[in-house]
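Next come two complexes built around chain A: one with chain B, the other with chain C.
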Partner chain A sequence: MDHADIRGTFFIECEDLMEALNDGLDRIDDSWDTGADPETINAVFRAVHSIKGGAGAFKLDTLVRFAHQFETTLDALRAGRIMPEPALLHLFHRAADQLSDLLQAARTGAAVEADNSAALVRELAAAAGDEDATSDADAEDFGFVPMALTLDLDMDAAPLPEGNRRYAITFSPLRGLYSCGNDPCVLFRVLADLGQLEVRLDRSRLPDFDALDWQESWLSWELTLETDEPEHQIDEVFEFVEGLCTLEIRLLSDTPSPTDPGNPTAPDPGAPSWDPPAEDSTPPSSGTLSAAVPTASRDNEKSSPPRATVRVELDRVDRLINIVGELVINQAMLSQCVQDEGVPPRSPIRTRLDDFKSLAREIQESVMAIRAQAIKPLFQRMSRIAREAADIAGKQIRLVTEGETTEVDKTVIERLADPLTHMIRNAVDHGIESPEKRQAAGKFETGTIILSAEHRSGRVLIEVRDDGGGINRPRVLDIAKSKGLVPEDAQLADEEIDSLLFLPGFSTSAVVSDLSGRGVGMDVVKSAIQALGGRIAIASEPGKGTTFSISLPLTLAVLDGMVVDVAGHTMVVPVPAIIETLRPRPQDVHSLGAGEQVVAIRGSFIPIVDCGAIFGYRSPVRRYDSTVLLLVETGRQKLCALVVDGIHDQRQVVIKGLENGYGRIPGIAAATILGDGRIALIIDPEEAVALGSGDPSLNPEV
Partner chain B sequence: MAVPRTASDLREIVAFRIGNQEFCLDIRSVREIRSWTPTTVLPHAPPYVMGVINLRGAVVPIINLAERLALGALQPDTRHVIIIAVIETQIAGLLVDAVSDILTVAPTAVQATPRVGSEVTQAFVRGVIAMEQRMLRLIDLSAVIPGVGDRDL
Partner chain C sequence: MSKTILAVDDSPSVRQMVRLTLVGAGYTVVEAVDGQDALEKATAHRFDAILTDQNMPRLDGIGFIRQFRTLPEGKGVPIVFLSTESQDTLKAQAKEAGAIGWMIKPFDQAQLLAVVKKVAGA
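For the complex of A and B:
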């Protein structure tokens, strides 16, 4: 592992730490009025501390300086010197955002705005009630900061007065300390850096050679340290060996220093403490140990027990997914061969083959699950978006997330970020009313946006729900009319008005704000969702709020496809796009202009697009007697009937990209491999319809 | 694939036949040789793109090399073979009449393509190799395979 690798690992760990940090802050948010849980504050503190430590090791000074102040202020909160008020928590969130930006910048080597950092450092310092904290921070030697990965619950937060103090330290390693590769000498050396150190070895426990168990720890040390550093600096030295030794730190020439109740230090210096296996362990020592152990376990519980995970390169997973896809196709081909050979259905070979089939499916599903990730990081990003948007809009927003553990394909998560950002901003900007309006309407001043995810019947349902004023339908209709999106005399149902929001070029905000309305509207959101094979719906109740629901496929690697025949070519149409299939009656088909034809379905006329013609397989058919029409909905809110010659089957198909081998083909989304080993092209209904209606931008000749 | 002219080592080439002409490719750009399998036709593809085949799960376009070199379209049947060639990260299959030989040549054996009228020849033939009584035309893969040449621009 070279330096770059370690650095890479550090940034990956930082992602986890940032997650823990944001998590913790959210938990404090939820419980600030009832009093924040100290363990949560500790977890937050530790996350910042660990980032600082790592950053120090890589000499990321900007990051260290910022993290240091953040940590100091958190420490004040931890010590109870400041209270977790909403304003402070808001500051913490902003600091966390900044920390995340700094990390990102450090990772990519990009420059960050120093002003922002400096301003936040000042605010943090002010919040900690520590006016000269920044100067302290500058004076401190950051190079020293260790990679702190363990917990340090017991730092004595109150700074001690200046001046040298003498500490008596009794240090008795347990055998576990050595087996973890720790070396007391290293600890002593670090201690010696803090001040004058005297070390005295206590080997009174060492048994005779015959009785010596060489694996046991027999030695202990009495140390005297004269230092002007605060006591928590000494604690920090022993941070890594906490739980692996019995440790007692006592202030000499003074009354014993006040220690936290949870401090795993033995109160009685006269009774050296020992490893529990040593049978004559004195009561104080066993007390010490049992005090230390629960502290650690309590801490783990709080930060929701980490499940064992393996980090794997995405490439490897994708390769595995590909191979398993092959396996499934191969299995299908094998089944077909067996069937073609005329093997009777109940023969052993067919039964075994069925087992093979279900196993292959199971493997495929499990492998797909590897790519699935909890949607939580995305949601955390959204809470930042909401916070920033609320600040700009001058609104009070609470973003509640539900179902964060819902797992979705990694690519889906990545490609969901932009549309979701837009939706959250929209909800803040247009959905939630101003505090005054809310008050007038008898609601809480703080608006709530609920972002939720759940699995529902093989798909993922994501909802953005606000408790705002709902869609102002008369206004939406007015705007649509003024922009010529609907005829002046149009009479639309509520749902139809709501769906006007998805029309290109629609923006309801009278003033184009910083947040939304940058020329991208909900139509962009809709097409992004559709590109993922998803659907978006809207529901709104005046005065109560608006809900946007997105339904997405679990993965982009497989697709529910309808296998159809187009002029003798086998093709696949994504099932989610198809609203219905029908065989047209000759009297329902009407010609419109030159060559255009429409079909009458329940009173409305729907344009017909012949797949065979648009793909150049044949000239457009004139008679639809033997054809099937697939009614599809396109992003432009239009229905269209795609003509195919027959429907073979409906099945899950594995999606294969065409771009790498050949390039994009208009009207074709991707390819797949069917049971006979042949490749079938997957039709992109949206593009196919656009091709059929002569959209010049998709002209293949261009 | 650019063939390093400075390499002093001998190179191996795969020689193949289209009609009565002989062509060749650096063996390092040839992944495998397969027999003809029917392709899935791609809509709106240029005439020399015969479609795509399933090569153990990869979607591989097949190029009718005779058509591409303006030698007249080859009507594929089971006697023909597909040379699976790799250029950069792209894989493509070349439909040819038959693979005739694998030969070892010195890099210096590659001569510049003699100036003839046909632009097609100039575009797709990188050079010629004299071998006994035969002339092997060294194919410029990046020009033959669609997409790669365009991407370089």
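For the complex of A and C:
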């Protein structure tokens, strides 16, 4: 544990705090008209406050300054001086986004636009009704001085023999000194560290036992201290007993000293100390944080205690997952051995082995669950995206998230960020209509985008649902025709038109907008989802809205695989990619030109790609009587038939990366180990098809 | 025997900082994540000193000090109040609740050690 570790902890902590902050702001959004819950406001305040506190310790001044103003304005809200109106909440959201950017910048050491921060600080100050702060927003004078954390401790001051001064100290505790935990003995030890100390107890005031009031303080002390330390060091020792004792510090020797012997306590104005008059007479100074602080969160005992968690490095979890993968493979091998040995079905070994199998599966699921994370942080990022996109597009959008607690593999979440960002931007840009249009259509001016996640039959279903105008099918078809994506005379069903959106190079926007039209189309979204082993679908109803549904596997570590035979080699094809399997009849297979062959399935011609040929096991087969065709769907929205020689089995396989050992192999996604100990390559259907159709970018000379 | 200090803060990095500083100087550090947690830990074990933050979920620093001081176990244990806020009303409240003193966060390690030494002994 060192400084850098703590800094790391701080940034991780800030992620949680940002989440709490965004969460709180969202909740205030939902309830501003009915009155925001004080505890929610308090939680938001606390999050910003904690970020400021930590940032100060790490000398992240930019962050501290920004957080400070944010906090001040939030405090005005907390104290009821300003109301949570939509405009203010919007400002808070932007401030939260900026805070997040500043944190990110502090973490990576990247530069961040100072103008943006300064402008927001001014806006925040103005919102709090604090005109003064607008003028000196950049000044550091807010009674909060960040101090750097020094790691070399220099506590043991070496006493110098020369320049010593002698002080006489009279210390008489008052009633109340002991009750808050002061111990004169501890103080004297600290004093003794400063130099030579003599202590004399004065118990002259101690009454007879029967007259003794045990709560009263009867003892006092006469101390003589010889030290070369400056006098404020002595004052500092008595810092916490100030007001709880009578204290007199007098300089005894003739050495000139600035001390005024007439001043009994002489506190150092700079040293932290109690300010006794503040207790009853001083009203809270205007413009600073007011007295609402301590009561606000006192009745929170009823809220649930934080769940105990452990932070573990991802590496360790991955290692564990690997080992569990080995265990699953080992179990499969054991089953194979038992099978080969001809052990009778009812034997105890078989029973134990079945137990082992179910335990192994349980361990595997539990370990996978460790990698799983709630999708919430991703969704929170999306609400920022939606907000920013709506601002640019001049639309009013409400992003509603559902099923935020749905857990998905961490890697899946990470790789989902880009496609989801694009989909949200699309929904804002193309889905939701302008406020005028919406009004004309009799809708609320504010469009709603619902982002939801749920588990459904072993997969995760994510939906982006907007209540916009729906897909303009005639226009989509026109564009597709004008771009030559479909023949001029094509008659397409609604669903077919919808899926044109996924074609590469398709963009419905007449003008390339600032938002979604960045040369990235839905085809990229689709291939990103497919790379995760997922599928994406569209449903749209004119005037009502559009829904994009993404279905993803729960994890990237295991896969439902179809174990197939390719020219004598055992290979695995991911089941989700396979739409259909069939045995072709000879009369259905047709040749096109030199090498290309197609198969006629229900009236459409589907190209055939021989897996054995593309992986170099054989030259392309010509007769398909003994083969099986796997119909797969590829990114280009085309079906393709992969030729294999037979199907052995369908089972869960543990994915083993190949790239560390072998580099990238075109057409191969990864490998797995089968029950008999043999390694089987997992085919990447998309690439296999591309290889088969002679895509030069996949030429296997690596 | 080494002195035991209870560090109460909802921020793990602050707790770690306190731990790093005090353990290095020979103290034993126990952590509590909020006032409620602190109350449970401080009644179960007698600490030589308690350092508490103010803004925490469930039970804040002043609330903790007040409740703790009403208990028999809460008498005479020095409690240092840590706050990023420097306003006097809060200080006064903490003092009235029974804190021995206060420190402004962020503090450097030497400051922290000096304060702990002053209230709990070396």
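Just so it is clear, the second predicted complex is superposed on the first by the 528 of 702 C-alpha atoms of A that agree within 3 Å, B and C clash if a C-alpha of one lies under 4 Å from a C-alpha of the other, contacts with A are read in each partner's own complex, and residues count from 1 in each chain.
In the analysis below, a contact is a pair of C-beta atoms (placed from the backbone, for glycine too) under 8 Å apart; a residue touches a chain by one contact, two chains touch by 3 or more.
Note that this is a predicted model, so its numbers are computed, not measured.
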Practice prompt. Identify the partner contact of A:Ile329: answer first if only chain B is touched, second if only chain C is, both if each is, neither if none is.
Written response: first
Discussion item. Going by the contact rule set out at the top, does A:Leu251 touch chain B (first), chain C (second), both, or neither?
Written reply: neither
Item to complete: Quick one: name whichever of chain B and chain C touches more residues of chain A.
Response: C
Practice prompt. Could you say whether A:Ile665 touches chain B, chain C, both of them, or neither, answering first, second, both or neither?
Written response: first
Worksheet item: Regarding the shared-chain residue A:Leu681, is it in contact with chain B (first), chain C (second), both, or neither?
Response: first
Worksheet item: In the superposed arrangement, does A:Gly56 touch chain B (first), chain C (second), both or neither?
Response: second
Worksheet item: Can A:Ala105 be said to touch chain B (first), chain C (second), both, or neither?
Response: neither
Worksheet item: For A:Ile673, is the partner it touches chain B (first), chain C (second), both, or none of the two (neither)?
Response: first
Worksheet item: Looking at the overlay, does A:Val338 come into contact with chain B only (first), chain C only (second), both, or neither?
Response: neither
Worksheet entry | Overlapping contact positions on chain A, where the chain C interface meets the chain B interface | none
Discussion item. List the residues on chain A that touch chain B in their complex, please.
Written reply: 322-323, 325-326, 329, 569-570, 614-617, 656-658, 660-663, 665-668, 671, 673, 677-681, 700
Item to complete: Name, in rising order, each residue of chain C that touches chain A in their complex.
Response: 10-14, 16-17, 19-21, 24-25, 33-34, 36-37, 49, 54-60, 62-63, 69, 75-79, 84-93, 95-96, 98-111, 113-114, 117-122
Worksheet item: So in the complex, which bits of chain B are touching chain A?
Response: 38-45, 49, 52-54, 56-61, 89-92, 146-147
Response to the item:
So, in the complex, the side of chain A touching chain C is made of residues 1-2, 5-7, 9-10, 13, 43, 45-46, 49-50, 52-54, 56-57, 143-151, 153-155, 178-183, 185-187, 189-190, 236-237, 239-240, 272, 274-275, 278-279, 282, 284-285, 288-291, 293-294, 297-298, 300-301, 303, 305-306
